[in-house]
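Per-chain numbering from 1; labels A, B, C and D assigned in written order.
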Amino acid sequence: MTYAAPLAQADLSKPPVDAIALVECIQACFDCAQACTADADADLAEPQVQTMIRCIRLCLDCADICQATGRILSRQTAFDPATARAALQACVQTCKVCGDECEHHAQHGFAHCQTCMEACRRCEQACNAVLSLLPA
Amino acid sequence: MTYAAPLAQADLSKPPVDAIALVECIQACFDCAQACTADADADLAEPQVQTMIRCIRLCLDCADICQATGRILSRQTAFDPATARAALQACVQTCKVCGDECEHHAQHGFAHCQTCMEACRRCEQACNAVLSLLPA
Amino acid sequence: MTYAAPLAQADLSKPPVDAIALVECIQACFDCAQACTADADADLAEPQVQTMIRCIRLCLDCADICQATGRILSRQTAFDPATARAALQACVQTCKVCGDECEHHAQHGFAHCQTCMEACRRCEQACNAVLSLLPA
Amino acid sequence: MTYAAPLAQADLSKPPVDAIALVECIQACFDCAQACTADADADLAEPQVQTMIRCIRLCLDCADICQATGRILSRQTAFDPATARAALQACVQTCKVCGDECEHHAQHGFAHCQTCMEACRRCEQACNAVLSLLPA
């Protein structure tokens, strides 16, 4: 949460939703994008890579949608609630599916999938928190 | 449509939806990401940039979500319909809002907004076409 | 080249380099980003995925750097030659390595790697063309 | 540094360079991508946006190249030093130019540019640290 918080405070725009929830969500999106990128790569290094194909694919998708959502939420000027809501809903859905897949592999002892699952769960929750605060 | 079509044919995976609609949608997403990036920049060069703030912001958002959606649809292996649907819905919503804003400026004679509006409309339609073909 | 050319013409900024070379390079970067994303995915679907690990990895890298370069070149306002040069050099290097890896698999009959190799070679050439035109 | 460190440890691949420097660089790249995205947006909200055009443009470029570099470094499997070096060099160059521009505005009292400058300087240093450790 190194830069998102001071940047949110420095911005002249009125934050569209509670600033604490927004900053947490932005950070969770960027962190999850990194975790999913790294987990797809760690899956590729597994001797049984054939069993990780769905995990790799979902991690790549999740990295892309988390990154787009994190960027969209980082913009507070001329904030458009409908656009934010659509991105957040896509992010929640993808983090859910990717988190479930990672949880499955975490239960079989893959530490990198455990870490990625935690990133997906946190991002899903943070997106849901902002969704509940968005103006209708 | 230079590489998306041959790549879709070469892939061993069964395409999850009609290949023609999918290829058109992938291309429309990448083209719209480029158009929105360039239009945000052209807006920045306008003497009356103050009147273009909302257009710049929405174009940046639209570039990000189109890019994520184009990447997600480019992946056919272990295709997850719910993930694809969520991304497509976010892309449709964002292209609609961004296309409306660009149309407003196009009517005031901004040629770059006219071009971007066309990219947004085509992408919105192509995403809706794939959405209608996705398995439930 | 659907939108890059009209957008380049509509922009008020003076194009920093020859517009035809610039438009070709922007399009080649976005096309290569798509081709590499799709090829990494097609590799994942191969029964012998173990032999495609390096190809997957380089395609993911190449998609990321091509996308960044295509976006940077799409911006003509307050153009910074040193930034453009650095991105173009990274793109040339990555397209070269990724194109070589794809060529290796194309020679073993992988059609998707043949298509991706062509995208990488075209992008490498287009980036070199713009590099040769950049002001010192 | 929430997920990058445990993911780096969990990966089966031998880290290509010192893991501490690598993790710091990955985190600095993702943080800088966020900071630059937010700063471009905060610039857009300034009453004197006309004076911030170059800052907006460089922040957008820097966000794109930092994100690509952060993703490339997050991949340790089949690591290619020449690809990593090219991305890192582009990132150093862009962070330098963007950090200088932000410093100029920070000196005129723009708190968001001060924050972004710090993110750029940290990212530039972290990339240089990894560059010095890469195998020739």
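Keep in mind that, in the parts below, contacts are C-beta pairs under 8 Å (C-beta built on N, C-alpha and C of every residue); 3 or more make two chains touch, one makes a residue touch a chain.
Predicted model, so just to flag it, every value in this text is computed and none were measured.
Over half of interface residue numbers shared between chain A and chain B means same, under half means different, so which is it?
same
Could you work out which chain's C-alpha centre is the most distant one from the centre of chain D?
Relative to chain D, the chain whose C-alpha centre sits farthest away is B.
From the mean C-alpha coordinate of chain C to that of chain D, what's the distance rounded to whole Å?
21
Any idea how many Å lie between the Cα centroids of chain A and chain C?
Distance between chain centres, rounded to whole Å: 27 Å.
Name the residues of chain B that each touch 2 or more other chains.
Answer for chain B, listing residues that touch two or more other chains: 41, 44-45, 53, 57, 60, 67, 71, 75, 77-78.
Work through the pairs of chains, note which ones touch, and then classify the graph as line, ring, star, complete or other.
Here the contact pattern is complete, since every chain touches every other one.
Name, in rising order, each residue of chain C that touches chain D in their complex.
53-54, 57-58, 60-61, 64-65, 67-68, 71-72, 75, 77-78, 80, 82-83, 85-87, 89-90, 92-94, 97
For chain A, which residues are in contact with chain C within the complex?
That would be residues 40-41, 44-45, 49-50, 53, 56-57, 60 of chain A.
Under the stated contact criterion, what part of chain D meets chain A in this complex?
2-4, 6-13, 26-27, 30-35, 37-39, 41-42, 44-46, 63, 67, 70-71, 74-78, 110-112, 114-116, 118-119
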